[in-house]
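Look at the two complexes coming up: chain A is in both, with chain B in one and chain C in the other.
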Partner chain A sequence: MPAGATYEPLATSTLGSAGTITFSSISGSYTDLRIVLVGTASGNTFALRFNGDSGTNYSYTQMNGNGSAVASSRVSNNSLIYGWTSGTTNPAMCSFDIFSYAGATNKTVLVVGSRDNVASGSVARVVNLWRNTAAITSIVVSANGGNMDSGTTATLYGIKAA
Partner chain B sequence: MIGALVAGITGSGGASLSSYESIATATGTGSSGTITFSSIPSTFKHLQIRGLMRTDEAGATETNCYIQVNGATGSSYAYHWLRGNGTTAAAAGAASQTFTFPGNATGAAATASVMGVFVADILDYGSTTKNKTLRYFAGYDLNGSGEVRVSSGLYNATTAISSIEIKTSSGNWTTATTFALYGIKEA
Partner chain C sequence: MPTPTYVALAKTVLTGTQATVTFSSIASTYTDLVVLINARGDDATDISTMYVRINGDTGANYSYTRLFSFGTAVNSDRAGNQSNFASAGFYNASTSTSNTFSNVEFYLPSYTASIKKIISSSSAVEINSTSSGVNGAGASLYGSTTAISSLTIVNNSGNFVSGSRFDLYGIKNS
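Up next, the complex of A and B:
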């Protein structure tokens, strides 16, 4: 993938049928990564997996509002980066900010999730941890490890600091 | 947050992602609790800071991060926040403060090499007629504890912002800490 401007689109993928999206051979020349995901997945949770790691090396803390109440929860020893609940008919949106993805620290990810289906919906903010100091070179975007719906689109951006 | 801003830019037609430019990056020294961006150019419409942060505060899993501008240390700030700590969501605010409050860094008692992060948007920073609003999204997770937080901050002055100070409430920024300052142009 190319290196270039400060905020650079690196790759975009739109599913032609149900499936997952993989970004591989990610250049280490940026400071942070960002994924913007729009689509549906039968109400399952959008998620990421780094470098093919399916172990229980992830965790998250989230807060959300669903139109009538706010709540917060966490999951330790998770097996995925947790995004937010997808839509079933109307597209939901998730953005993932992956800080210092090529750095020597464990990886922290901030997520914004938005889903609205007229009579129901929710907005969420999530912080995830991947307990691994390896550089992230590949990312699989999925619905809780499974398929997302046809038409779902994900774009990977690189953000480069001075 | 970048997406929200860039979407706004691209949605209004014409401008490209090159409207988002890197200005400077600062790294913790391990011996100071303050990092300053000074002589910020006035050629942008908005600013954004992306922070990766940890302190050496002994015995602490988290350390408050504060942001001031223009070297102003008086009670010219206010903030409001919404936070989830894994169990409950809560909100609070404070007026007449000496800083704005983006969120928390990890401290020396946190799991090694786990960092707090934030994205800060400083809107219309060059205006000389409007007070300044700041918007924050921050969090850290320690696999069993942590928090996620959104905050607003007010600098109650119409002076253009030319410097930004990022401070710990206690201890020093570690050498793994970095703050990257970006400028976002308008058409």
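Up next, the complex of A and C:
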């Protein structure tokens, strides 16, 4: 018997004007979630918020390179899932892999950030933790809590394990 | 049965040495493209690099930024207005451990959109060497708003050897 699809697009949205993107009523029938984000946010940092939680229940550790220097840092008790810095004119890509999003443990998110602007650029890998054991049912995609630029696209995928 | 949305579009497994591998006539019916590579080179070094050429464009229309661990050091470099290639994938070549191939992923989101194209890359090279082995990440910008219809994977200084594998996938967002 052929296997069912294991990588399914659940929702996609392209901003017609500056704003945020919300994915709500997310089914709990997948194993992992993945968000692929392409666009700009006036140089601000792409970010996620789960289930409307604006408390200081997030933390992250990141490493990055900007073409000449490398760095690593971390922040505890953050109020968002930290993505990576957007561009201002040329599109950047940020992917978020959200593991075991419906499980009864705290949630881990791996971010791959890729931005290049001919004269500058940066690459990052970020691991985030959301200290909450509830299933994730809604996600707000933003620029550090504020608006992303018009034309920015975010797609939510569901991934099923066997 | 659910509609497939992560679709294998093409596969190339080399039966001899080859300096480039091209995927042409790529359909525009997907949202993103992914190229997964398992490869080894024949140039006289342990670590080599490969690049992506888009739509056959050899103009100075590419730039890239890389973050990579190389042995015990961590580095970042970048270049703008490059010709022939985009982004960077690290892999192992002829002086590295035998029977060992490296893995490279190129992710090309929104490849048909009328925007400049960002490419994300990841490289995994482990060759049981005391001095090298690479964990690499890259971002590249292709400065054209034209839809991508062909991709050429280019060995920077030699050939890909027999057994190297190149897989192209299309991802739909609806």
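Please note the rule applied: the second predicted complex is superposed on the first by the 158 of 162 C-alpha atoms of A that agree within 3 Å, B and C clash if a C-alpha of one lies under 4 Å from a C-alpha of the other, contacts with A are read in each partner's own complex, and residues count from 1 in each chain.
As a working rule, a contact is a pair of C-beta atoms (placed from the backbone, for glycine too) under 8 Å apart; a residue touches a chain by one contact, two chains touch by 3 or more.
The shown structure was predicted, so the numbers you read here are calculated from the model rather than taken from an experiment.
When both complexes are overlaid on chain A, the residue A:S95 reaches chain B and chain C alike. When the shared chain is aligned, chain C comes close enough to touch A:V38, but chain B does not. In the superposed pair of complexes, A:S24 makes contact with neither chain B nor chain C.
With both structures placed on the common chain, the touch criterion links A:M63 to chain B and to chain C. Once the two complexes are laid over each other on the shared chain, residue contacts for A:S54 go to neither chain B nor chain C. Contacts of A:S114 after superposition on the shared chain: chain C is touched, whereas chain B is not. Using the contact criterion defined above for the overlaid structures, shared-chain residue A:S150 touches neither chain B nor chain C, since it reaches no partner.
By the touch criterion defined above, A:T105 lies against chain B but remains apart from chain C after alignment on the C-alpha atoms of chain A.
Contacts of A:A5 after superposition: both chain B and chain C are touched.
Shared interface residues of chain A (contacting chain B in one complex, chain C in the other): 5-9, 36, 63-65, 70, 95, 112, 125, 157. Contact residues on chain A toward chain C in their complex (touch as defined above): 2, 4-9, 12, 36, 38, 63-70, 90-93, 95, 112-125, 151, 153, 155, 157. By the touch rule above, chain C contacts chain A in their complex via residues 1-6, 31-32, 63-68, 74-78, 80-81, 107, 109-110, 113, 115-122, 137-141, 143, 171-174. Touching chain A in their complex are the following residues of chain B: 1-3, 6, 17-18, 20-25, 50, 52, 82-89, 111, 113-117, 119, 137-144, 146-150, 176, 178, 180-182.
Residues 5-9, 31-32, 34, 36, 59-65, 70-74, 76-77, 95, 97, 99-100, 103-106, 108, 110, 112, 125-129, 131, 133, 157, 159-162 of chain A are the ones touching chain B in the complex.
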